[in-house]
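The following pair of complexes shares a single chain, subunit A, combined with subunit B in the former and subunit C in the latter.
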Partner chain A sequence: MTEQEYQPHAEEERREFAAESESLWRLTLAPVTWALHLVLCYATVSLACARQLFPVDTARIWLIGATVLALALIGWQGWRALQQWNVRNTGALSHPEGKAEDRHQFLGHATFLIALISAIGTVFTSLPLLLLEGCR
Partner chain B sequence: MILRRTTPPRRPEPQGTYPPTEAMLDEPVPEDLRKAQAGRLRAAWKAPEGWRYWSAVNNTEIGKWYSLTAFFFMLCAGVLALIIRLQLAVPESGLVSSDRFSQLFSMHGSAMMFLFAVPMFEAISILMLPGFLGSRDMPFPRLSAFGYWCFLIGGVFVLGSVLFDAAPRAGWFMYPPLATEDEGPGSDIWLLGLSFIEIASIAAAVELIVGVLKCRAPGMRVNLMPLYAWYVLVVGGMILFAFPPLIAGDFLFELERSFDWPFFDPERGGDPMLWQHLFWIFGHPEVYIIFLPSIAIAAMIVPTVAQRPIVGYSWIVLSAVGTGFLSFGLWVHHMYTTGLPGLSLGFFSAASEAVVIPTGVQLFAFLATLVAGRIRMILPMLWIAGALAIFTMGGLTGIMLALAPFDFQVHDTYFVVAHLHYTLFGGMVFPVIAGVYYFYPFIAKKMLSERLGRWAFWLIFTGFNVTFLPMHYTGLIGMPRRVFTYREGLGWEIPNLISSVGAFVIAAGFVVFVWDLIRPKGDQPRISRNPWKAGTLEWAHDVPEESWGIRSIPHVTTRYPLWDDPKLLDRVDAGRFYLPDAQEGHRETLVTSVIDAEPILIQRVNTPTWITHLAAIFTGGAFIFPTFHLYTPGIVSGLLAVASIIWWLWTSTARPPEADSKDAGLGLRLPTYVSGPDSTGWWAVWITMLGDATAFASIVFGYFFYWTAQPDFPPPGARHAGAGAVALACAGFVAGWVFTVAARRLNRAGRIGAARGALALAPLSTAGGIAALIVAVLPLEPATHVYPALIWALAVWIAVHAAVGIVMQLYCLAGSFLGKLTPRYDADIWNVSLFWHFFVLSALVACALVGPVARLL
Partner chain C sequence: MTRTKPLGTIASDASGPALAGHLLAPAAGARRRGFTLVAVALFTAGCEGRQSALAPAGADAEALHLLFTSMLAGAAVLWLGMNGLFYWFSRRSPAAFPEHHARRLILFGGVFAPTLIVGGVLVWGLSLLPDQRAPGEGLRISVTGEQWWWRVEYLPEGDAGPVISANEIRLPAGERTEFLLTADRFIHSFWIPALGGKMDMFPGRETRMSLKPETPGTYRGQCAEFCGASHAWMAFEAVVMPPEDFAAWLEAEAQDARAPQSESARRGLEIFRREGCGACHSIRGTEAVGQVGPDLTHVGARHSIGAGRLGASLDDIALWVAHTGELKPEVQMPAFPHLEPAELQDLARYLKELE
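And now, the complex of A and B:
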């Protein structure tokens, strides 16, 4: 393929796949949700067990609620990313070309995968909430 | 002096054709023009000669020194390990004393982690990254140089202490109260020496992140970046969030050591657990900070071996980003036996298991690439194969250790020692050596010996397993780590002896490797330019060596330009691409946009200098003198360091250029000066401040940690900081911020006089804020209890930052009067305002914690 074919008209591309300078941040939204969820779990259990501000069983119920919320957020991110990846229409699993369209789909693809691992991480983190009791 | 209002000047935009057309690229460059351009470029980038060689700042020089220094420290730390193994070879050995043994293992761990593993990543990245990205140099060469000299001074100081029987001896993680109560300078040497090196690491992180985001070859969109660049980006980000908690921990620790402020002393309300948290919030991500860039080397080698593009590029990006994040959720697995609630342990145990998924994904992507390709078995691949085998073993024992009940049994035994060496050798040492073999032709324009390389591999691989495999068993039968000797009859004799023999086999392997590195290679025939037939840009290097980095900066449209574009090399060499010339004799590189790498600026890159050495020496003094309680020389040294850094910035950064824009080649005209988010400097400040904010957040974490874990924080009836004075301090800092931001706007609008007025008022109000803050906390006695100590620590943190803020405001004021800062050339005030945005936020948080929140708790 020649250089010419790689580079469609810049104006056309710009309209369709605007430069997305925020998309590197979007890449991190799902794992940031996971991180906040972990910190929330850890802090809440500490406040219940060390500071005894509220009973730990109440904390567990709140945190399970927070987990559902976190998973919903991550799922929403993943859904948006899946749209952006657009794999069902293009079938593109690899995005190796220097076109804005490839970059656009690649960022969707990567964000989707990262949302997936964040969801798995969040489920893992919340398993102790379901399986363990008390402050022991 | 002109004080009237001037119209805001028009800022130049990139002009001309981009991307270049095939017809433009086909146009030949006349032979004589080509020669003249190459001559000028060569002259501009010529490395200094004779003793001036050491003033070089080019990434190739700094990168070589950096990696050799880190490697030398590694060999020293290896020798310490050999003495450890000699001592443990037989029971009740008297080779070294208990005290000396403690120094040996503390120093072995600290040096391997802080003087080898992390700096080696920075060194390799500084050396290689411009090659990968098709850039001429890193964006801030003098910052790399400063970081290197800091590292050298700090490293020699810390490692040298072992020769004077004064080395730290409380283990590489320095747990209080052992470390805080320890007499002698050992703990201070560890703290101050390593804080100094951490600063060098953060400098490197700034350099590398900005390099990846802003200095890629035109057209290298984020989906085309070499995978190494993705890893560097992730690791740079991790450094910003991992190192600052340790810096904050060091800050508290040193305040306790020097002034007896009881942060970790339970008798006065402190808590040693805070150190453990801060250390491991740093310490666990650090393991991945070491691992990811090393595995990134594998991501560069594997496609070459398979002679095909990597399989699952997006998956590897997932893997890097996912591992980077999840690695921050593991820290408590180092603290399973500290009595935390079972639920809390569960969260971290789960996260420790989850991190296996992204870590495994990249290994499978490598295997898939190998399966799908036609493998050409080259020597570096042997080392990668060894790395994968050993790392997988370490990973499997890691899964075991992540289970809290199993960890209870083997905590602090040799099982842990075996596990961590498997992960670090497999995850770092082997891939890095693979990288040395693979990139040696790029670095030194020579080849290493295939035969010696195989010898070194089999010696180190065998020796490694002989040393560390038995340690799993030694640990399981109960031998604790860090004991300097053991009694006969416990069944520990044979496995220890085997381990000791193995250690010397590893050493023999390293001797072969070192010999291969340093043996004279003058008679070797000239190597081919791309000896491994790789596809990435670094192999467009020049043989024999040229110090310009790349002859002209190519326009890139694929992930493996050398494979996909057969005309690329000729065009690079002909100077057909961007910046083929150095007409004014300046060093320059292209700055491109973050996502799509569209050219936006021609960046002047700095030249050899001695100011970085001076700055590093004085910074070193500021850290080293206090170790021996020599505070006056320490303060003088610190002031001189500040002066040298100001001199350096003033004389060589953000100077107004001769022309507003210039020709970049291929019919493209680019600006030569930008300010704000387009500029590299603004990003550097942003990134630095993110790290700084993390350190501050760690101290805030400490505040709430004490409140949660201690019944008397603040103690009943405690004296609080004066409410009125805190409110005044808050007002002073906010006013300082308002004036700074106003000055930026006024200056850009051309109202220079008003801008100067604002810049004069800003330091005054900030100074007022500092004074009020000191008045507020002065009645509190920090040595009596952790509450007043922490209030003081917050105040010290804010006051020091405010002082830096004042220096910045005065710098801009001076710049405005002396023509460095004008409505058109205003990068300095943009960067200073950015600092102030961060500072005013932390000042508000601190004032709230010191004033109202403390009264509410």
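And now, the complex of A and C:
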């Protein structure tokens, strides 16, 4: 196999890989949402409780709103990833061949799982908001 | 079969003299049964006692105890289940497992079940927190973590001033008492395992917790946050009393110190003055108004001295004054080794009479 013969194939791969880099970014969106939600919760509650910058009751309502927003964002990412994975049509739970199509679906698969764990994490983070009132 | 012998030997070695009788037993089975008995006895003995979260004596400790035993039971079920599955599929039925079954197992056992279990335990744990921080039903107690002792102030309902005490906490049974916790220079943690959870004490900050003890008795509290050289010697007695007894005790605790009764105690008071103990210690009703060390107005009624370091006998007090630093590294009180044994006894007698 010479360089000449291999060239067109590699070129095509490169183009598809570039297209895939977008979904590589999407992979991080759900965990980033989870992380930001966590930081927002911690910072807001401590500013309300330790510094008394604003009443904790209002903070709590706003944070519950932010939680709904975060979960919606994560849910949307998860939904898109599920489409990309396309498991219903292909039934592919593993992607062993490493072709472009496989990669595409694998990134969808991974994004979906990460969105799932991010959603669970976000729900766990917000449980104290629902169960505990005030600063105690 | 080859395994039985070494196991038996280990068993008799590990159990030591307690099993001496059993060592003579002819059958290995009896020996092993004896070992199991001793092991179980040793293991469960650690659960009893006055400083055990596994022997709850209050509402909060009971809630935690239930959470703990439930989690322990759940963990045991999970452990047995996992090992059972492992045994089943590796030894009993090692045939290939259909893929769709495997997927379902991963989905339920790896995703749904852990999420639900962890979520359930989290909700349970969080739902306990408000109770453990609930405001008290009247009495509040302010406790400050010092190096290495506890400054205690009882703040009864109404406008009666604080009742100053130290190194011992008394509580009325059946009532929820709130604690206002803070610290002098280092972070400490306030914990009476038999009565409830623990709470950190921070310099410059006030944390709160509350306890609802149920069973009268004497329990032991311990600093639960490493705070320096004598952290391990920073303990206290927690005495739960019937409410009427508690009310009577608090009234007595609010009184000034009793004048020395015996001749020896009168000499002890003189030594207390001569040695300048009053620069650090307060004895209400006398000229001793120091704030560095524990209030000694009613030290004679405490169950221990040196924040749980020693008992409360005359000899204990004499030992404490003569060997403070040896008993408690980096303690903030100098030792008085130059005092004669007779002087130490007089001093101890004086303090012991401060009931």
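The rule we apply is simple: the second predicted complex is superposed on the first by the 117 of 136 C-alpha atoms of A that agree within 3 Å, B and C clash if a C-alpha of one lies under 4 Å from a C-alpha of the other, contacts with A are read in each partner's own complex, and residues count from 1 in each chain.
Quick note on the criterion: contacts are C-beta pairs under 8 Å (C-beta built on N, C-alpha and C of every residue); 3 or more make two chains touch, one makes a residue touch a chain.
In this text the structure is predicted, and so the values were computed from the model without any measurement.
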Original post:
Which partner reaches more residues of subunit A, subunit B or subunit C?
Top reply: B
Original post:
Just subunit B (first), just subunit C (second), both, or neither: which does A:R26 touch?
Top reply: neither
**OP:** Look at A:P128 in the shared chain and tell me whether it touches subunit B only, subunit C only, both, or neither; answer first, second, both or neither.
**Re:** both
Subject >> Shared contact residues on subunit A - subunit B and subunit C >> reply: 93, 116, 120, 124, 127-128, 131-132, 136
Original post:
Along subunit C, where are the residues that touch subunit A in the complex?
Top reply: 103, 111, 115, 118-119, 122-123, 126-127, 129-130, 133, 208
Original post:
Touching subunit A in the complex: which residues of subunit B?
Top reply: 18-22, 25, 219, 221-224, 309, 313-315, 317-318, 321-322, 325-326, 328-329, 332, 341-351, 353-354, 357-358, 556-559, 565, 593-596, 707-709
Original post:
Touching subunit C in the complex: which residues of subunit A?
Top reply: 93, 116, 120, 123-124, 127-128, 131-133, 136
Original post:
Which residues of subunit A touch subunit B in the complex?
Top reply: 2-4, 6-7, 10, 19-21, 23-24, 27-28, 31-32, 34-35, 38, 41-42, 45-47, 49-51, 56, 60, 93-98, 100, 102-103, 106-107, 109-110, 113-114, 116-118, 120-121, 124-129, 131-132, 134-136
